[in-house]
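Next up: some structures, all given as structure tokens.
Each of the next two complexes has subunit A plus one other chain: subunit B in the first, subunit C in the second.
Let's look at the complex of A and B:
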């Protein structure tokens, strides 16, 4: 559901890049010591899976695309910091190789999808631990996708208000939140079911292999 | 500074600058300039850029035409501005990839570079495995398969994909270990 290049005003993407840079520094601190020849292959495998999921996309009139993310499974298996870094790499590759997303939008996309998606997934799974593993993992994946989609829709929807000519002509993304929110969120309710099912399957695979406790 | 870094820097300056240009004519001239400078790559890159953004921008443009038309607003200026800017940015991105070797440009960030390298390797593994499975499935099903057969195949494929992908990544990681990639 990442935002393409050229839809965001500098008033949006420059501060977002600043916040993302701080978040990347936080996520990358001390990480080199954690990475070894056991963790790295698993991370590479699930990162590539997230990349592949992101390429099966449906363009939405709300200015973005509909697709599963794979962020929740990255976050549940590797934690928020690694998931955020890995998904930022996915976004960078998709932008450069396929023109999906973009460099100007990378900060917003990484924060909304990679960071918020990962935080919501991990927090919800902990919160719902009593409901059973499958339910907790499925709900965590579903809700994290919806929260990321809502943020993307709102960021796009505020563009006409913050960047326009004197006569009101929009300079960047032209549609307001009354269109972007339903246009982005409604398809993602359906996509979220697929994301939840896929996350549970990969989570079980990871647990069978002993990559995660529980 | 390496050539890859210089290309990346020039690209970043250009994309930030483009965000502050709000005249369609200037953006059109910049696009024409980029096309000229891209040399023999220009038409292939332009075609890729147009294909990459066609569905997104057509959807957004159509929605805007309907909404603005309903409100009695002019749409041409906004549509030209937005579509030209997006096309120029995507074109420059593809040009950077062709000329600048983005993985080499990431060399200053070892962690990002390592994850990106591994992910690119995994993408190649996935692509090859999917082709293998598709061909094998077709050879075993001379008649159109039933939905249950398709489902069984998808399940087997998903599981094998994860296992093979992990095996491949482990080999890569061991090769990296032997070259000191994990020494801190």
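Let's look at the complex of A and C:
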């Protein structure tokens, strides 16, 4: 669900880059203190996992393709700030090497997938702590993916209303939210199940290894 | 009678003006094939093709079942392709058309996907390795 170049208007991607820059600065504060020598190899492994997951396209019903993100597991193991930084790096690599997601759209992609995805995952995990680890982690991963997908769908869907010619012809992504929201969300309901299962699997491994508390 | 004949001729002319004629001719077309990274065709999705520098599309339509777009470039080699699906997949990039009947296209010399994949993994582990080195030196 990475948004490619050419789909977003400057009215969208310029402010998003600005907000993302502030968020990156916030996430990077005190990095040397927080990212110590024991965390680096673990974060490298899970960042590589997220990178790999983003490039494994799974055929979905309806003739489209999708992939898991790996943001939730990064956030649940390392917290929002490290997850956001690591996933932003993943998005940059995927855009530069594969054209999967655009450079102009990087701010939107990083905020929608990396930041919001991580925040929702961590918040839901805490909120559902009483329901048991497996349920809480699975739901956190599933819902965080859906929220990210919804934001991407809405950002795409508002493009015709904010950037069009005088005659109404859209200048960038031409389809409205009535099309983008179901088109993005429905396949991600299926992808979310896989994301949830994978997150639970990695989360359990991380707990066994003592990477996460509680 | 003459008036009736004139009216009939006029009516025939009007009818002919509404007729759509079809000519069939063999020509050289450029075929673009769009697919997802897993090889699945980008089938039946909308596209627009713009001659370079133009804001008016030269061709609009939908890809076929195999994700293909066939178009006649009419001597213009540089085009811009916009294609999209409802779920936000798509491209917006320049494409080159075949110009002239004798033109032969060779596949672009692209880096194999596996090499890019490994390059990305190498970059991730390399950067984290550098960070680890930095922390080690800082500690000493």
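One rule holds for everything that comes next: the second predicted complex is superposed on the first by the 206 of 214 C-alpha atoms of A that agree within 3 Å, B and C clash if a C-alpha of one lies under 4 Å from a C-alpha of the other, contacts with A are read in each partner's own complex, and residues count from 1 in each chain.
Everything that follows uses one rule, which is that contacts are C-beta pairs under 8 Å (C-beta built on N, C-alpha and C of every residue); 3 or more make two chains touch, one makes a residue touch a chain.
This one's a predicted model, so the numbers in the text were calculated from it and none came from an experiment.
After superposition on subunit A, the partners subunit B and subunit C collide with one another. With both structures placed on the common chain, the touch criterion links A:202 to subunit B but leaves subunit C unconnected.
Contacts of A:142 after superposition on the shared chain: neither subunit B nor subunit C is touched. Contacts of A:89 after superposition: both subunit B and subunit C are touched.
After overlaying the two complexes on the shared chain, residue contacts for A:13 are found with subunit B alone; subunit C is out of touch. Shared-chain residue A:36: touches subunit B and subunit C both.
By the touch criterion defined above, A:78 reaches neither subunit B nor subunit C. By the document's definition of touching, both partners, subunit B and subunit C, reach A:98. Contacts of A:1 after superposition on the shared chain: subunit C is touched, whereas subunit B is not.
In the overlay built on the shared chain, the residue A:52 is in contact with subunit B and with subunit C. Set against each other, subunit B and subunit C differ in how many residues of subunit A they touch, and the higher count belongs to B.
None of the stretches 2-10, 20-28, 128-136 or 146-154 of subunit B clash with subunit C in the superposition except 20-28.
Overlap of the subunit B and subunit C interfaces on subunit A comprises residues 4-7, 32, 35-37, 40-41, 43-44, 47-48, 51-52, 59, 63-65, 89-90, 93, 97-98, 100, 173-175, 179, 183.
Listed in rising order, the residues of subunit A touching subunit B in the complex are 4-7, 9-10, 13-14, 28, 31-33, 35-38, 40-45, 47-49, 51-52, 59-61, 63-65, 85-86, 88-90, 92-93, 95-100, 102-104, 165, 168-175, 179, 183, 201-202, 205. For subunit C in complex with subunit A, the touching residues are 36-38, 40, 43-44, 46, 82, 84-93, 113, 116-117, 119-121, 123-125, 127-129, 131-132, 134-136, 138-139. The touching residues of subunit A, counted against subunit C in their complex, run 1, 3-7, 32, 35-37, 40-41, 43-44, 47-48, 51-52, 55, 57-59, 63-65, 89-90, 93-94, 97-98, 100, 152-153, 156, 173-175, 179-180, 182-184, 187. If you check the complex, the residues on subunit B that touch subunit A are 11-12, 15-16, 18-20, 22, 48-49, 52-53, 55-56, 59-60, 62-64, 67-68, 73-74, 77-78, 81-82, 85-86, 88-90, 93-94, 96-97, 102, 110-112, 114-116, 118-123, 125-126, 158-159, 162, 165-166, 169-170, 172-174, 176-177, 182, 184.
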